[in-house]
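Questions regarding the structure given below will be posed in turn.
Chain naming follows the written order as A, B, C and D, and within any one chain the residues start at number 1.
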Amino acid sequence: MRIFPENASSYGANIDFIFWLITGVITVASIIVIFLILYPLLTKNKKRTKKEMYVKGIGFKDLKLIYLGIFILAVADFYFLYREMPYWTKIEESLPKKDLHVIIMGRQWLWEFTYPGPDGKLYTDDDVKSINQLYLPVNKVVHMDIQSYDVIHAVFIPNARFKQDALPGRNITRWVKMTKTGKFPLTCAEICGIGHANMKATVTVLSEKDFEKQLAKLYKK
Amino acid sequence: MNTSIKSWRNIPQARLAVWTLIAGEFVVFGGLIVMYILNRLKYESWGEMAQHTNVIAGTINTLVLLTSSYFVVKAHEAAIHKNKEKVKMWIWFTIICALLFLGIKSYEYTHEIMHGFTLPGKHLLAEGKHVETMYWSFYYTMTGLHGLHVIGGALALFFVMRHATKTGKDYHRLEAAGLYWHMVDIIWIFLFPLIYLIH
Amino acid sequence: MNTHKKHGFWHRFFFSLDHKDIGFQYMLTIFLMVSIGGFFAYVFRMHLAYPDMKVPLFGLVTNKDYNMLITNHGLIMMMWLALGMLLAVAGNFLIPIMIGTDDMAFPKLNKISYWFFLISVILMIASFFMKRGGFGGGWTMYPPLSVGDFGYNTPYKSFADRFFTANTFVLLAITFEFISLLMGGINFFVTTLNKRAKGMTLTRMPMTVWMINIASVLFMFSVGPLIAGAFMLLLDINVGTGFYDAYRGGDPLLWEHLFWFFGHPEVYVILLPPLGFLADIISNNSRKPLYGYRFILNLTLIAAILSMMVWAHHQFVSGIDPRAATIFSIFTIIISLPFAGIILAYIATIWKGNLRLSLPMKWALGSVTLFTLIGGFTGLYLGAAVFDIYAHNTSFVVAHFHYTLFPTVIFGSYAAFYYWFNKFTGKELNKFWGNVHFWLTFIFFNGFAFPLFLLGLAGQQRRIADYRQFEFLMQDPLPLYRKIATISAVILILSQFIFIINFFWSMKKGKKVSSENPWQSNTLEWQTSSPPPHGNFETYPVVYHGPYEYNHPDREKDFLPQNEK
Amino acid sequence: MNTNYTQGLEHEVVVPSENDYHGHPNYLKVYISLLVLFAISVVASLLHNPLIIFFVVFAVSVIKGTLVLLYFMHLKWEPLLIWILLGLALMALAFLIIGLYPDIVLTHRYVVPKG
């Protein structure tokens, strides 16, 4: 049994790593908290003097252990931030040099993928479209212009650990680099009306040769 | 006992409530104004639309509201001395100002609607001016919401004044209603230049 | 002083100005809403596990029904149960009596805010019966979906056609509810500041009063832009303006910002009052002073201000500027620190105490445990922006917010119910059924929400009516998880009936409380008769101590009422 | 002033005397300065540079609003609590404007007619 779906993109492993990192730290933290809550429960019948019980927690001297707890959590928090920030920059903010540029357009309720025509440029008259079938070359950086025609949709490719909302009126460019060939699901992750549940597409990752063939097939249509 | 408690308590509850309400209203109108300013910065073509507003009517309206605020403080001054006649007079002046404001506003509205600048802006859409319709949407939303507050404030002043002058008590409520009226004035002080003056 | 005469049923439930009566009216109204929300949850959970089954009491669930059910479940639980129960009910019952006064500062305004609340409930229920069906745009109501009719694309013919739609009614309902809560919040704030009993300084107020007030003020400042935004959305729906229409220069993202500018502080608005109940209940049941009263207070104020700077973590992948997302991510992670401090202070309070494992204490400990261990810690995953790319809008998020909201709203409210029931009715709740209720709720809540984490990590997106069309979501253990979640959710919902029956039965025929202060508590509400008379106190109390003076070394008893010299 | 401000509990009725309640500013003076400022903003709007207009007009609005708040609404004599409340309102707005700025002003959005 695996927890995540099979990873098929270049940055998927980074995201999984952040998950396991946080899981590791909070497992330790949870054990400490469970002990802190269970200990008073187990020792509740001890005889204690009033002076022992009457602790009000005023001033730094009393509170120093709590401050220590907060400090430890702060260190852990900032360590997560320190580890995840470069990944965020890599995935969302930067755009590596592209090998292919496609448009992903969400509509109620289908996905429309546009590839550059034989001239190799997008947004020209010879662009070709395919509905609900996204073909990607393996090990190539693909830029995706994510757009929406009517309402908010969201492109979600679980195997690539990729998700991005598609907003009407905006062109959001993100990238993905698939590392495995095969068929992967692409779903909509933002409620978009009664057909939301049926809005699914397939990402077919092909080797370079097969991809060229597939494009040629699309041109012929 | 802690002595600082007195200064917190020294504020009468009606006034405290109205101040809290004012702080809340500031966020509502502030939110609208923030959205308007940001969109204004984005779309330069809104400046053209602003030229279609009636600046003279807006100017007169600002004067009317500023003056009404002055009347309200005079009414409050009279209320402290429980001067029934003067309270009545100043509040009536204020309410007349409110009516004048609403009258001028409705004149403006009719004028603009006759020129095709309506809330959904179908006329502009037909001309292909898509973005510009939103200027008028904001214009009507902001001034309309403000107009509702003018009506509310005037009604509050009227009822509080009637209650106070009839029964001879609760003169302090006039101050609370007056505070609300000043807030309406302050909102207009910010709306006027943003809508009318900046082309 | 106690000159009010007894009123009949009609008067008590419709026209009474007494804060306890109004609180009770709120409570009954909210019970009605919760039963609707719970029923919706039952229907769609059944549908998810057994898609082909005709759900008993409902029938076959279509996609349209499903969207409507999840949307209204979310709206009802967030807006009417959580906000209503924790601000309106708790504030009405507790604030005046805890600060030692007879009633709210403005009893009539209090009544009016209840009427507004009732109108909002009526509008909300009416929205289910519109010609085009209930509102199905998600509880966050993102336009442009919430402007149209969710994809039927049948054109509107007239203004009336547009007006009598679920969209308009839901928005109006929410607006009315916000106005009601705003008026209520102003009332609480003024009451707390102006009507405290003699000697009740600000730092002698019980935590509950503080927290409800901070929550009310926070609510007031965060909701403003959304009220303006809701007004604009209403115009978009009914008049045809283009505030959120991308083809008119509007921006759908603007609504997301306005919604979450309110929506995130709302999470803290919901969280703070239960933290207040927990402080009172934990301190009372461990017979120790609350550890670090001022410390908790300062942290709460810091958290309240920070909570207004973190809203965009709900929108990391919604197309906002990625650089802004980084900043919001940092603030999100920072906001975990004050709450860690508060929880540690609570743990320090039970540390080395003579714990009484009474029912309210069980609920309180359950709440702290679940909220910290699972609800709070899973927040770190989602606050780390990178993992949120994957987890956003999956069941992981659903599980996370059920683990934050359920322990606080439901466990916190139950702790308060079991604690203060004795006070306001003069009767005792049945202990055996109380225990049964607690353990069933505790176990089956986990049984319901934990599988959702695993489903979410497997990539299951939210709000999908039928998972069978996604092969990767039908791989082996996943349908089983869905069934476990559903069965647990159904048992969880059924076990709440134990409480409802216990509540009303005990109110009518329960055992009379043995003394007026059964929990040996310090705070003022226990220093008057149970149930308190109209006007609360025979003679107004004078306060000499803070609320948490348990086991004071100079005293014989282990508690020291605030009004005892 | 003998007005009974807090209703209800007798022992906590606060009866502010006229002196410690608040002073009375010269309302006429404030009113006239408001008019002068108003005239400035109208004159400034006749200039041609929109940026200068924006700053002058907005600054004048802020001053006018502050004058009304301080003197007409007597904020100057109110306790700190009221200042904190208004400050929190402004703070919320500041957060909102900072959060919205990159997504409204800085991003490019295209406008396509529906069809």
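The criterion applied here is as follows: contacts are C-beta pairs under 8 Å (C-beta built on N, C-alpha and C of every residue); 3 or more make two chains touch, one makes a residue touch a chain.
Quick caveat, the model's predicted, so the values are computed rather than measured.
The minimum number of touch steps linking subunit A to subunit D comes to 1. Graph distance from subunit B to subunit D, where chains that touch are one step apart, equals 1. When C-beta pairs in contact are tallied for each pair of chains, A-C comes out on top.
Separation between the centroids of subunit A and subunit C, computed from CA atoms only, is 29 Å. Mean C-alpha positions place subunit A and subunit B at a centre distance of 47 Å.
Spacing of subunit B relative to subunit C, judged by their CA centroids, is 35 angstrom. Taking each chain's centre as the mean of its C-alpha atoms, subunit C lies 34 Å from subunit D.
Annotation for subunit D: residues 6, 12, 81, 85, 88-89, 92, 96, 100, 104, 107, 109, 111-113 touch two or more other chains.
Within subunit A, the positions touching two or more other chains are listed as 169-170. Among all residues of subunit C, those that touch two or more other chains are 193-196, 221-222, 224-225, 246-251, 253-254, 323. The list of touching chain pairs reads A-C, A-D, B-C, B-D, C-D.
On the side of subunit C, the complex with subunit B involves touching residues 105-106, 182, 186-187, 189-190, 193-196, 199, 201-203, 220-229, 231-232, 235, 239-243, 247-250, 254, 258. Of all residues in subunit A, those touching subunit D in their complex are 169-171. Residues 1, 3-5, 14-15, 18-19, 22, 26, 29-30, 33-34, 36-37, 39-41, 43-46, 48, 50-58, 62-63, 65-67, 69-70, 73-74, 77-78, 80-81, 84-85, 87-89, 91-93, 108-109, 150-152, 154, 156, 158-159, 161-170, 172, 185, 187-198, 200 of subunit A are the ones touching subunit C in the complex.
Of all residues in subunit C, only 63-64, 66-67, 136-138, 142, 144-145, 148, 150-152, 246-247, 250-253, 286-295, 317-319, 322-323, 325-326, 329-330, 333-334, 336-337, 340-341, 344-345, 347-348, 350-355, 357, 365, 368-369, 372-373, 377, 380-381, 384-387, 389-390, 392-394, 454, 457-459, 461-466, 469-472, 476-477, 548, 550-553, 558 touch subunit A in the complex they form. Put simply, subunit B touches subunit D in their complex at residues 6-14, 16, 19-20, 22-24, 26-27, 30-31, 34-35, 37-39, 41-42, 47, 55, 59, 62-63, 66-67, 69-70, 72-74, 77, 80, 128, 130-131, 171-172, 179, 182-183, 185-186, 189-190, 192-194, 196-199.
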